[in-house]
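I have placed the structure first, in the form of structure tokens, so that the comments after it can refer back to it.
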Amino acid sequence: MQLYHHFPFIIIMLPMVMSVLILPFKNEITLRSISMLIQAICAALSFWLFASLLNSPVEYFTYQLGSFPAPWGNELRAGLIEAIMSGAFATVLFFSTMGGGQDTARDVKPGKRHYFYIMINLLTSSLMVLIYTNDIFTGYVFMEIHMLAACAILMAKESGETIKATIKYMCMSIVGSMLFLLSIAFLYGITGHLLMEPAKIVIARFAEAGLYWIPMVLTITLFSIAVFIKSSLLPFHTWLPDAHGYATTSVSAILSGVVLKGYVILLLKLIIRVYGIDVSDILGIMPAIFWLGLLSMTMGSLIALTQKDIKRMIAYSSVAHIGYIFMGIGFNTIFGFAAAGYHILAHAFSKSMLFIAAGRFINTAGGSKNIPDLVGVARKDKLAGVAFLVGALSLIGIPLFAGFPSKFYLATAAVREGQGIWIAVIVLAVSTLLNALYYIPTLQKFFSRDNAQEFSADYVPDKSSSIALVCLIIANIFLGVSYIPLISILERGFSFLG
Amino acid sequence: MPEAKNDKNKFDKFVNWVNADEDISSREEENIADDDNDNRNDKSRDHFDNDSPSICDRLEPEDFHMGVVDEEFDYSEMFGDDSGRIDQDQAAALAENSARRVVLRKGVRDRFRTTQVFFTLVSVLLTIGIVGVLLLALSQMPQFGDPASPTNNEVYERYVQRGVEDTGATNIVAAIILDYRAFDTLGEAFVLFTALIGVIMLVRTSCGSQFILVERTQPLMLRFMIMLISPFILIYGIYILLNGHLTPGGGFSGGAILGSALSLYAISFGAQKVRTLLSFKTLLISISIALLFYAIVKGYSFVIGASGLSSGIPLGTPGNLFSGGLIVPLNISVGIVVAFTVYGLYALFSEGEV
Amino acid sequence: MLEALRSNYIEATALILFGIGLATLLWEKNLIKKIIGFNIMETSIFLFLTAKGYIAGRGAPIITDGITDVEYYINPLPSAIVLTGIVIAVSITAFMLALCLKIYDIYGTLDMDKITVMDMAERSED
Amino acid sequence: MVFFQILLLGFLVFCALAVSFTKRIISAVVIFMSYSIVMSIIWLMLESPDLALTEAAVGAGITSVIFLLVIKRINTMEEARSNARGKK
């Protein structure tokens, strides 16, 4: 029982307890620095846990909450994948809060600041529970906190559009959590377990005997549809553009980079740990995920082409990149999951950088979000221009940046996977082309010298957002360069996630 | 009640607005006018952004409503300094504006109609399909109430057979909630906390409580009856709360009863009386203390349990009041969180101010 | 298929209520009716779960005078889950109703169609 | 006993349908109140008294009170808005 066994519990409880403790603080700087300190501690503990797991004999460990073992009491479980993901998400949260701090100070009214940062801490802790939990109903409970906190920070800006975006987001994601709860009810009805490992034994027994066939197919479909709605895969994405388009900078970065991914990690754990790869192969849901991913990749990029508002364009490109991730999951092989995991990391880092840079562009252009008004803005705000360039290139898939290895591994996963090789590779190429089609022209507009608007010099970006952008660029390049060790760790992690 | 008049004619009024050309006086139009102007210079439509202190002074008690005063659209700026005189260019701008709006409305109306029909069709088919699939899956599920169904496995047997000796509580449901699966209830208390903070962010007006609301004194009969009943409700709530581990009830239902007793008292005797006892600050502080108590005490027993030690908390003899080990204090803290959240929600929704 | 549904009729009604709640949530124009639809959906799933935990001929899971034999008590786990779920349903309803107040304050209506039309009108202008 | 359960379940389905077909919001909320009261009775018949108590106290009690308060607030905002426009 070494020290690092307690880290998952500390990572979860620290932001939760702090969210209650920061009630008395009122001033913006202390609140932001406390929340960032908490997120930094979570990131540091996760990477320490990751390092100690790397060279520990056992691949994963379970942390028993309370004095009763698994099927009776609650349990957390930490392995390589959970450690990497919680570390990456905590870092992205840290940089997004730091990067968007200036906009939050302006948009969130003084009376409501400490409530905003309470919600940021609750978001952090519920995200960590979604990653580390080994119990499906605990996943549901903290999924609700995650949704309420995301809606609360989304509407902290209190303009007409954000409130309408929040209602739309909430209606959609309520349907998602209801389907999730219904599939928990069905799963409990047939297996009698709420924890993932005991449920897997019972489901494996049923799969061989061919018992309860339709309820099992129903539960895995309801789980997937719930996560599709919450992570805005194409047919269920209608809430995303309003939510990400109108929120403040740090909230858009957090929503796009981190909130969407927490549910995908939960679905990955459900598929691998509750059903297992071979049972979910037989159940036949994986091709559906694969085809929905393809649809979302192409349609997301097509719609993003038509957008004039910079933040809505980036939001639609999030829908496309969620499609990549679900395409990777749809292969239902360990390498497919590893490629999807890699793209989760790459997308989290590049997307939050794009949103912070876009926030700075909008501020320099005096608050207007239309791309025509932002022509030549990268000349004025050089650092944000470089950050936007790096983020866009990495999402297109240019080598040396984070997007390239993940798309490359998605293609190799398609080649290794038997069925549907050529469609996947073709659609990957088409959607990469579409990505380029809407990112390159915007980049040209931003960096163009002629007919650049004259921007009033009253907006001076603060130092912390510059630091955040520089660190995100470094992280992006690191992800783009060190892909060989990373993909092997991801593969090893996913093979033991079950 | 505006929605009370059936939606039909309200919607017709709206449809005539959509078709009407000159008459732009209806309320929806006011909002549209709001949106056009604000959107043009693309400041997001912040009705509440002018948080200059003056807004609180202009408030008179009787129209102290949630944000309605901030939202007032001042026509004088739009139509020149006094509303009578409109100079030429403003009139021209207005005419051009309404002409463009006519063209726009036709496009909007058709698009709206098609999406309406399409949307209803999709959701009808969707729900019938889902219910059909669910009933199909249900037909394969184990029978209702038969003892041999898979849910009666070793998990259920241990909860019933060794529930009392493990946790010392005779009400097994309370034992599960507060001892076997206490992490869910921790999440539960934090869901309530998040909802309360979310509602505070949304509904609480920023003018603080220096406004003494004009209290409508309730009829004597109501006040007298409430004076008679509320002690019994409080005793009943406290009984349910404290005996959560012995009889059905526990933190949630006991807290809800106490919360509704507080709200009942606030309804009849005016929120001001309750506010002297339980101001906004004490409400938040007591909820935080209860949450911290739960998190720290239960966190201690999680960490001890995880590292295999036995937490030295005596379980007491099952059956009497202080017998459930940690269950009774946890019940009290969850009860406090639920009671004050319920009262807070009542106060926020009724006056926008706890 | 039919006689299976006849035997577990409570779960069948729970699923029908789920369908009605889902239809109300998706189909209803007024926001408050959407929230009532959500509550109906939520309580129907809890009815389904509680019916799953019921065992014929066994009593409530309160251990009375020391009898800890399995034959006397129903399955307590679904009750624990539903207890947690009810309070989650209340908190989501409270949050959404606060949003309704805010929406009414800005748009002057609770009718999602009118709001979408206003939005369409607004977006089609810029 | 079974007949009584079927009767209550029928009443539940009727209430659920009635919510979407009533015109007035207040009647929808009142129907929902009766819906959750009947639901807690059914839970009592399913031998889970904890749930019946919580559903009665929390589901029927708090949710309905909050619904009615919101409707009252919307009414007062409606009047304030109409007399605000009248005053101008």
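Letters A, B, C and D mark the chains as written, and numbering starts fresh at 1 in each.
Just so it is clear, a contact is a pair of C-beta atoms (placed from the backbone, for glycine too) under 8 Å apart; a residue touches a chain by one contact, two chains touch by 3 or more.
Note that the structure is a prediction, hence the values are computed from the model and not measured.
Undergrad: Count the C-beta pairs in contact for B-D and for C-D, then report the pair with the higher count.
TA: C-D
Undergrad: Rounded to the nearest whole Å, what is the centre-to-centre distance of subunit A and subunit D, using the mean of the C-alpha atoms as each centre?
TA: 37
Undergrad: How far is the middle of subunit B from the middle of subunit D, if each middle is the mean of its Cα atoms, in Å?
TA: 15
Undergrad: I'd like the Å distance between the centres of subunit C and subunit D, where a centre is the mean of that chain's Cα atoms.
TA: Roughly 12 Å, centre to centre.
Undergrad: If you average the Cα atoms of subunit A and of subunit C to get two centres, how far apart are those centres in Å?
TA: Spacing between the chain centres: roughly 28 Å.
Undergrad: Scan subunit A for residues touching two or more other chains and write them down.
TA: 137, 141, 144, 148, 151-152, 155, 160, 182, 188-189
Undergrad: Scan subunit D for residues touching two or more other chains and write them down.
TA: Those would be 25, 48-50, 54, 58, 62, 66, 70-71, 73-74, 77, 81.
Undergrad: Quick one: which residues in subunit B touch 2 or more of the other chains?
TA: Only 3, 7, 27, 30, 35, 45, 47, 66, 68, 134, 136, 140-141, 149, 151-152, 155-156, 159, 171, 173, 181, 184, 188, 191, 194-195, 198, 202, 248, 250, 252, 338, 345, 349 qualify.
Undergrad: For this entry, which pairs of chains touch?
TA: Those chain pairs satisfying the definition are A-B, A-C, B-C, B-D, C-D.
Undergrad: In the complex of these two chains, what residues of subunit A are touching subunit B?
TA: It is residues 1, 5-6, 9, 13, 16-17, 19-21, 23, 63-68, 71-74, 109-112, 115-116, 118-119, 122, 126, 129, 135, 137-138, 141-142, 144-145, 148-149, 151-152, 155-162, 182, 186, 188-193, 198, 202, 212-215, 218, 246, 367-369 of subunit A that touch subunit B.
Undergrad: Any idea which subunit B residues touch subunit A in the complex?
TA: Residues 35, 41-49, 51, 133-134, 136-137, 140-142, 149-156, 158-159, 166, 179-184, 186-188, 190-191, 193-195, 197-198, 200-202, 206, 284-285, 288, 291-292, 295-296, 299, 301-308, 310-311.
Undergrad: Which positions of subunit C touch subunit A when the two form their complex?
TA: Going by the criterion above, the answer is residues 18, 22, 25-26, 31, 34, 38, 41-42, 45, 48-49, 52, 77-78, 81, 84-85, 88, 91-92, 95-96, 99-100, 102-103, 106-107, 112, 115, 119, 126.
Undergrad: Using the touch definition up top, name the residues of subunit C that touch subunit D in the complex.
TA: Per the stated touch rule, the residues are 9-10, 13, 16-17, 20-21, 23-24, 27-28, 30, 32-33, 35-37, 39-40, 43, 46-47, 50-51, 53-54, 58-62, 74, 78-79, 82-83, 86-87, 89-90, 93-94, 97, 100-101, 104-105, 108, 110.
Undergrad: Tell me, which parts of subunit B touch subunit C in their complex?
TA: Spelled out, the residues of subunit B in touch with subunit C are 3, 7, 10-11, 14, 18, 27-28, 30-32, 35-36, 39-40, 45, 47, 66-68, 71, 100, 104-105, 107-108, 111-112, 115-116, 120, 123-124, 126-128, 130-131, 134-136, 138-141, 143-147, 149, 151-152, 155-157, 159-164, 170-173, 176-177, 181, 184-185, 188, 191-192, 194-196, 198-199, 202-203, 246-248, 250, 252, 318, 338, 345, 348-349.
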